[in-house]
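The data blocks that follow each hold one structure.
Below, chain A partners chain B and then partners chain C, in two separate complexes.
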Partner chain A sequence: MKPRIIERASPAHRVWQITGWAILVVAVLVIAKGQPNYRLLLMSNAAALSVAILGLNLVVGFSGQISLGHSAFFGFGGYTAAVLIVDHDWPFLATLPVAALFGGVLGFLLGLPALRIRGLYLALVTLALAIVFPSLAKIDQLADLTGGANGKPVPVGWHRPSWFPLKVTQQGWQFLVLAALAGLLFFLASNMVRSRAGRALVSLRDNEIGATVSGVYPAGWKTGAFAISAAYASMAGAMLTLAIPIVAPDTGGFVLAIQLITGLVLGGIGIISGSVVGALAIVWLPELTRSWGKFLPLFSENKTALLANAAYGILLIAMMFVMPGGIMWFVRFVRSKFVRFVPRLPKVSSLDEDVEVGPISAATVQQTQGGSA
Partner chain B sequence: MLLAASVIAKVPGIDSGFFRLAFFLKLVSNGLVNGAVYALMALTVVIIYRTTSHLNFAQGEMATFGAFIVFALAIQQGIPYVFAIIIAMVISMVAGAGFERFLVRPVEKRSALGVVIVTLGLFLTLNAFTAAIWGTESVDVLKPFPGGLGDKFTFMDGPPQFFVTYKAVGIWITLAVLVIALWWLLQHTKLGLAYRAVASNRESSLAVGIPVGRMLMLGWAISAGIGTLAAVLISEQSNNLDFNLMGVVLLYGFAAAALGGFDSIVGAVVGGMIVGLVEALVPQLFTFIGSELSLAMALAIIVIVLLVRPQGIFGTKRIERV
Partner chain C sequence: MRKPEKVRLFVGAAVVALVAAACGSSKGTTAATTAATSGTTAAAVATTAAPAQTTAAPVETTAAAPKGFTVDSSKCPAEATTALAAGADIKIGITLPQTGPLAAFGAIAQGMQIYFDTINASGGIDGHKVVVDAKDDAYDPKQTVPKATELIEQDKVLATSFMVGTPNVGATRSLFEASCTPQMYVGTGFPAWGDPANHSWTVGGILAYNTEAKIWAAFIAKQKPGAKVAQLVFNNDFGKAYQKQFEADAKTAGLTIVETKIHEGTAANIDNEVTAILAANPDYVIGETTGAFCPKLMAGLAQGGYTGKTIISATCASVSSFFKPVDPAGNGVYLLGQQKDPSDPMWADDPAMKQYYADVAQYGAGADAKNGSILTGYGAGGLTVQTLKDAAKLDGGLTRVNVMNAVWNINYKNPLLFGGTGHLDGTSDAYLSEYSIMLQYDAAKKSQVPTGDTFDVEGKTGLFAG
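On to the complex of A and B.
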C-alpha cells in the first residue's frame, strides 16, 4: 500500500492536527473525571515532568548538547514558586513566569561558559549543578527561605472555580490545570522549533562549521536554547507544587536528572510529542516495578524504589541498542507506512521567466525528502 | 573537610587559627590526602578520555561496586587486604573492559550522546544493585592502613600538634607507586606505545596494525582498576562505606581533570592536589563559605577553568579543522 502524502499546513494536515488535539483534550477530560485520585496525582506528576523533559528535549534534541542538571532547574523553579506562594502570598499562576525567568537567567549564566567550547563541557557543568543543588538547598544560612533539609511545605489550595462546568475532584482539577499549562507550553515549543531559531539550532547540531559559515553564531544560539530549556524545567518545578504541596532539596538531585534523561530517551530525542510519552513512562514505571519486587529475591521488601532505579538504568541502556530513536520514533515509523507529512516547499521563483513552473507533484516531494517523514 | 567541621568559626572573614603554622600545615596535609584520592579519580577520567573522548559518568559507581567487593572479601571473608584489593581490581578491570566492548562500542559508532546515555544507565543500574546487595546503610569502613591513635608521625608538638597519620602516608605512597607504574607502562612498554598511538590518532593506528579495539578496552580496564583502588582509599579517608560513596568524589575527580586538562596524566595528579588544597583551605580562609559549600567550589572550579583556560593547565588545545 502506498502511503498517503500530506503537505504540512495544508487543509488536510490541519484536519489531522485539530483531530489530534481534540482527542487529547477529550482524553484529558475523561481522565480527570473518571480516574481515582491517586492516579490523578500520578498524571499531574507526569504533566509537570513532561514539561521538564520537553525542556531537556529542546537542548538535547535540538542543539545536540546533553544536560545532566535539569533536575537542579526543576528544583530551583519549585523553590521559587514555594517562596513566592508561602512568603509573599502570590497566586499560583503568577509564580510560573517568575520561575521561568529565574530559571532562564540561571541557565544562561551556566550555559555561557560551557557552550562556548565544543564537547562534553555542558554535561560536566550541569552534572556539578545537579550534585551541588541539594547541598545548597540544605544549608543553614538559607533555612528561612528554603526550609532546610526537611523541605518547604507549599499549600497552594487552588479549588475548582464554581463556573467550571465539569464536576471533578480536587486532584482532577489540579490535573486539568497542569495538563492545560503543559499543552500551552508544548504548543509554544513545537512552534519554536519550526521557527528561525529552531532551524538555526538544527543547522548547528548537524554541521556546526557549516552553520557558522552561513552566519549562525554558535555560542549565542546554543546558550539561548539552553536558557529557554532551563526556563521550561524551572517552570515544570513550579507547576508540580500545585499537585505535590512540598519542595525538598533532593527534588533537584542527580537521580531526578537521570530520570528526566530516561524519559527523554524513552519518548524520543528530538521529537516534541515524545516528551509526553516519556513522562508517562517514567511516572508509571515505579508503579509497575512495585509489584515485581516479590518475584526478585534481591529487591524484596522495601527495596522497590531501588528496583525502579535499576529498571530505569537497564531501560536506558536497552533503548540505545533496541530503539535509539525512542517510542515516538517507532510510532512515526509505523505511521509513515500509512500517511506521511511533508514540508511545503517554497514557491519556486524561476530566474528564467519564460519557463512555466508547474506545481510540485507529490512524487517529487517524496524524492526530495528522501522518503523520510 | 573533616577538620573544617570541627573548627567552629567565631568571626566572619579569615579564621585566626589559619596563621598558626601547625594548624596551617595540618590543613595542607589534609588537603593533599583528599587531593591524592581526587587525583586517582581524575586519572580514571583522563585514561578513558585520551583514547575515546568520552566521559564515563558511571566511573564512581563502578568504583563503589569494587570497594564493596573488597568489603565482601576482606571484612566478611577475612582475606588479607592486599589480596582482597588485588582480586577486586582484577574483577573491576575485566568488568571495565567488558563494558567498553559490549555496551559502549556498539553505541559509539552511532553517536557520542549515546555513550553518555549508556554510562548514565550503567550509573543507575550499578547504584541500585550495590544498594540492593549490601543495603543502603553505611557498612564497616575499609581500613587497609593502620589507623590507630598512635599510628602517626609527629612533626611539631602541640598544641596545636602537627602530625601525619600512617594512613595519609599510605595514600600518598599508593598514588606515587601507581603513577610511576602507569608512567612505566605508557612510556616503556610496547603496550603503552600502542595506547598512546591510539590516543594520538585512531585512524592512523588502525592503518599501522594496532589493535585499536583492544587498546580502548585496556583504557577502560586500567581506569576501572584505579577507580576501585580510589574507592577503597576514600572509604578509609572519609570513614564511610555506603552505596553513594563516590557520588561526590567523582565530581571532584571531574573538577580535577578539567583543571589539569582532560588529556594529561600529569594534569590529573596536579589538578587533584589543587582541588584537594582548595577544598581544605578556602573554607578556612573565608569562614562564611562553610564546609557545606565545599561542593559548590567544585562547580566554581569547573566554571572558572572553562572561562579562563578551557583546555586545562596541562591539556592540549583542540584544533578544529574546517
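On to the complex of A and C.
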C-alpha cells in the first residue's frame, strides 16, 4: 500500500494536528476526572518530568550537546519555588517565571564550558553538576534556606477554583494545572525548533563547520540552547512542588539525571512529542514491572522486589533493540507506512523537464532532514 | 532522524547500572547497598513487641474509653471512626525502598509479615487477619506521595507502620493528618516525629538520632573527662542529626572536638577523611555514618596505627555485615545497642531469638534470619500487633482513631531488645524507644559484648520542641 502524502500546513495537515490535540485534551480531562488520586499523582510526576526531558531534548536532540546535569537544574528550580512559596508567600504560578529565569542564567553560565568541550568530556563536566547539587543543597550554611538534609516541605495547597466546571479532586486539579503548563511549554518549544532557531541548532549539530560557514554563530546558539534547556528543567522542578509537597537534596540527584536521559532516549531523541512518551515511560514502566512481579513465582508482594529493577532494565534493553530511535520514532515509522507529512516546497520557477518535483521529492527531503515535532 | 551514538552508550551504561543495582541488593543488608546514599537505621532499630511478655506497667485489659492522651478526631472523616467490618483483614501499610540503592531495607516488610503470620496462625486479632501492604518508593519522596495516597485511599489501610525515610515521612505527614490515618512508628530517628501537640498522627519508632549522640557525649565524658574527639559525618539527614546534637552536648560535657570530617554517600573511599582524623590525634573517633563507611573507617584507623577509642553508629551493629569483613580492625570498637544482633553467636540460646529463628524458618519462605532488617520488621510487627490489640479493646473497636489513641498510650517490652520499655504518653513522652546499652566488639569471639553501661532515658526526652 502506498502511503498517503500530506503536505505540512495544508488543510489536511491542520485537521490531523487539531484532532491530535483534541484527543490529548480529552484524554487529560478524562484521566483527571476518572482516575484514582494515586495515579493522578504519578501522572503529575510525569507531566513535570516531561518538561524536564523536553529541556534536555532541546540540548541533546537539537543542538547535539550531551548533558548529564539536568537533574541539578530540576532540583534548583524546585528549591527556588520552595523558598519563594514558603519563605516569601508567593503564589505557585508566580514562582515559575522566576525559576525559569534563574535556571536560564545558571544554564547560560554552565553552557560556556560547552563551547570548548564536547561529547564525552562535556558529559563528564555536566555529570559533576549532577553529583554536586545534592551536596550543595545539604550544606549547613544554607540550611535555613534549604532545610538541609531533611528537605524543605512545600505546602502549596492550591485548590480547584469554584468557577472551574469539571468537578475533580485536589490531585486531579493539580494534574490539570501541570498538564496545561506542560502543554504550553511544549507548544512553545515545538514552535521554536521549527523556526530559525531550530534550524540553526540542527545545522550546528549535524555539521558545525558547514553551519558556521552559512552564518550560524555557534557560541551564541549553543549557550542559548543550554540556557533555554536549563530554564525548562528548572521550571519542571518548580512545577513538581504543586504535586509533591517537599523538595529534598536527592530531588536533584544523580538518579534523576539518569532517569531523564533514559526518558529522553526511550521517547525519542530530537522528537518533541517523544519527551511526553519518555516521561510516561520512566514513571509507569517501573510501576508495571513491580506489579507484574506479584504474578511471578520469584516475587511476592512484600518481599524485596529484587528482580523488578532487573526486569525494568531488560525491558529497556529490549525496547532499544526493537525501537532504536525511541518509542515515538517507532510510532512514526509505523505511521509512515500509511501517511506521511512532508514540508511544503517553495514554488519552483524553472526546472529541467526530467526532474520530478512535488510531494515525492519532498518526502526525500524530509527524510534527510533533522528532527521536528 | 540522527541520534548521537554516545547518548545511547550512556543509556546502555545506565541500564547495566540498574541491573547491577538490582542484583547487588539481593544480598540483603550488605555494606555496599546501604552505603550508597542517605540512611535510616536498619540493623539497630528498636521497636517493642511480644504480647506474651508485657511489662509490669499496667495495660487496660477490659473495654474502656481511651485514657490519657487522645487525638483530636473532630475533623476526621466518618470512616476514621468506623470500626473494621467483622472478619475483614487488618491492612497495615508501609512504604520503603525495595529497589534502588537502599533496597536492603525492603526486607523490613518481609519481617513484619512473618510476625503477622504467627498471629494469624492463632486466629489473628479478634478474628481479623493482619496483612502487610508494602509499597516500594525507592527512597524517593516523589514516589512516596503517590504510594501513601494509594495506601490511604485505594487500599484503605487501617494504619501504616514503620515507613522508612525522613524526607519521605515529611512529604506524606499532611496526607495522614488530613485522612486521620495513623502513621505510626516511622522508621526514621528524626526528632520531629515526636510532636503530638501539632502532628498527632505521626510518631517515630526508633531511637531518635539525637538521643544516641547525647549518650555518646555522656559516655565519653564519664570515661575520660576533657577528651579530644574527632567525628566522621555522613552528609545526610541522619549524619547531620548526630553531628548537631553531639557538638552541642560535647560542649556542655567539656569535650574538645578536634576534627570534623563530612563525607558524601557517593564517596568511593574515605582515606582523606581518615588521614585528617588521625592527624588531629584524637582520644575518641566517632563514626556518625553508616553502611560500608563503618568498616572503612575501622579499617582505615587500624591501618593508620590509631590507638585511641572508637564509637560507631548503632546502624552499623551487624557483626556479619560490618565487623567480620575487616576483622580484627573493629576489635574494641564501641557502639550503642538496642536490638540483639541475629548474626551474633552470643544470642544463639536466647529464647526470644530462638523463637524468632523458628518463626522465620516456618513463615519466612526462605528469608535469611541473620538479616537485621528482617529482625527489625519482625519487631515492628510485634509492636504493631500489640497496638492493634490495645485499640480493639477501646470503645468503638478497631478504628483508625482508636489505633492512634492506642499508639499514644503504648507500654511494651520487646524481648529482642536489650531491655527497657517502649512507652509513649502523648502529653509527656513522645519518643518510644529510649533504652540502649554500650557494646564493645570482641574480634576473637566475633561478638559484641555488653560493657555494663546502660542508658535509659525513657520518659526523659519529653516532646519535640522546635
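The rule is simple: the second predicted complex is superposed on the first by the 309 of 373 C-alpha atoms of A that agree within 3 Å, B and C clash if a C-alpha of one lies under 4 Å from a C-alpha of the other, contacts with A are read in each partner's own complex, and residues count from 1 in each chain.
Definition applied: a residue touches a chain if its C-beta (ideal position, glycine included) is under 8 Å from a C-beta of that chain, and two chains touch if they have at least 3 such contacts.
It should be emphasised that the depicted structure is a prediction, and the values quoted were computed from it without experimental measurement.
Trainee: With both complexes superposed on chain A, which partner does A:121 reach: first (chain B), second (chain C), both or neither?
Mentor: After superposition on chain A, A:121 lies in contact with chain B alone.
Trainee: Which partner does A:209 reach: the first (chain B), the second (chain C), both, or neither?
Mentor: It touches chain B, and chain C stays clear.
Trainee: Please work out whether A:321 is in contact with chain B alone, chain C alone, both, or neither, and reply first, second, both or neither.
Mentor: first
Trainee: Could you say whether A:240 touches chain B, chain C, both of them, or neither, answering first, second, both or neither?
Mentor: second
Trainee: After the superposition on A, what does A:185 contact: first (chain B), second (chain C), both or neither?
Mentor: Neither partner.
Trainee: Between chain B (first) and chain C (second), which, if any, makes contact with A:66: first, second, both or neither?
Mentor: both
Trainee: Please work out whether A:84 is in contact with chain B alone, chain C alone, both, or neither, and reply first, second, both or neither.
Mentor: The answer is neither, since A:84 touches no partner chain.
Trainee: May I ask you to decide whether A:136 touches chain B, chain C, both, or neither, giving the answer as first, second, both or neither?
Mentor: first
Trainee: Comparing chain C with chain B, which touches more residues belonging to chain A?
Mentor: C
Trainee: Could you say whether A:110 touches chain B, chain C, both of them, or neither, answering first, second, both or neither?
Mentor: Once the two structures are laid over each other on A, A:110 reaches chain B alone.
Trainee: Same chain A residues contacting chain B and chain C, which ones?
Mentor: On chain A, the residues that contact chain B in one structure and chain C in the other are 60, 64, 66, 68, 119-120, 123, 131, 135, 138, 140, 254-255, 258, 261-262, 265, 269, 303, 306-307, 309-310, 312-314, 316-317, 320, 324.
Trainee: Which part of chain A faces chain B closely enough to touch in the complex?
Mentor: 60, 64, 66, 68, 110, 113-114, 116-121, 123-125, 127-129, 131-132, 135-136, 138-141, 209, 254-255, 258, 261-262, 265, 269, 298-299, 303, 306-307, 309-310, 312-317, 319-321, 324
Trainee: Per the contact definition, I'd like the list of chain C residues that touch chain A in the complex.
Mentor: 1-4, 6-8, 10-12, 14-19, 21-23, 25-26, 37-38, 98-101, 103, 106-107, 109-110, 112-113, 132-134, 136, 138-143, 145-147, 149-150, 153-154, 166-167, 170-171, 174, 190, 235-240, 264, 266, 365, 367
Trainee: Spell out the part of chain A that touches chain C in their complex, as residue ranges.
Mentor: 36-39, 41-42, 45, 60, 64, 66, 68, 119-120, 123, 131, 134-135, 138, 140, 148-151, 153, 155, 171, 205-206, 240, 243-246, 248-251, 253-255, 258, 261-262, 264-265, 268-271, 286, 290, 300-310, 312-314, 316-317, 320, 324-325, 329, 370-371
Trainee: Show me the residue ranges of chain B that touch chain A in the complex, using the header's touch definition.
Mentor: 53-55, 57, 103, 106-107, 110, 112-114, 116-118, 120-129, 131-133, 136, 247-248, 251, 254-255, 258, 290, 292-293, 295-296, 298-299, 302-303, 306-307, 310, 318, 320, 322
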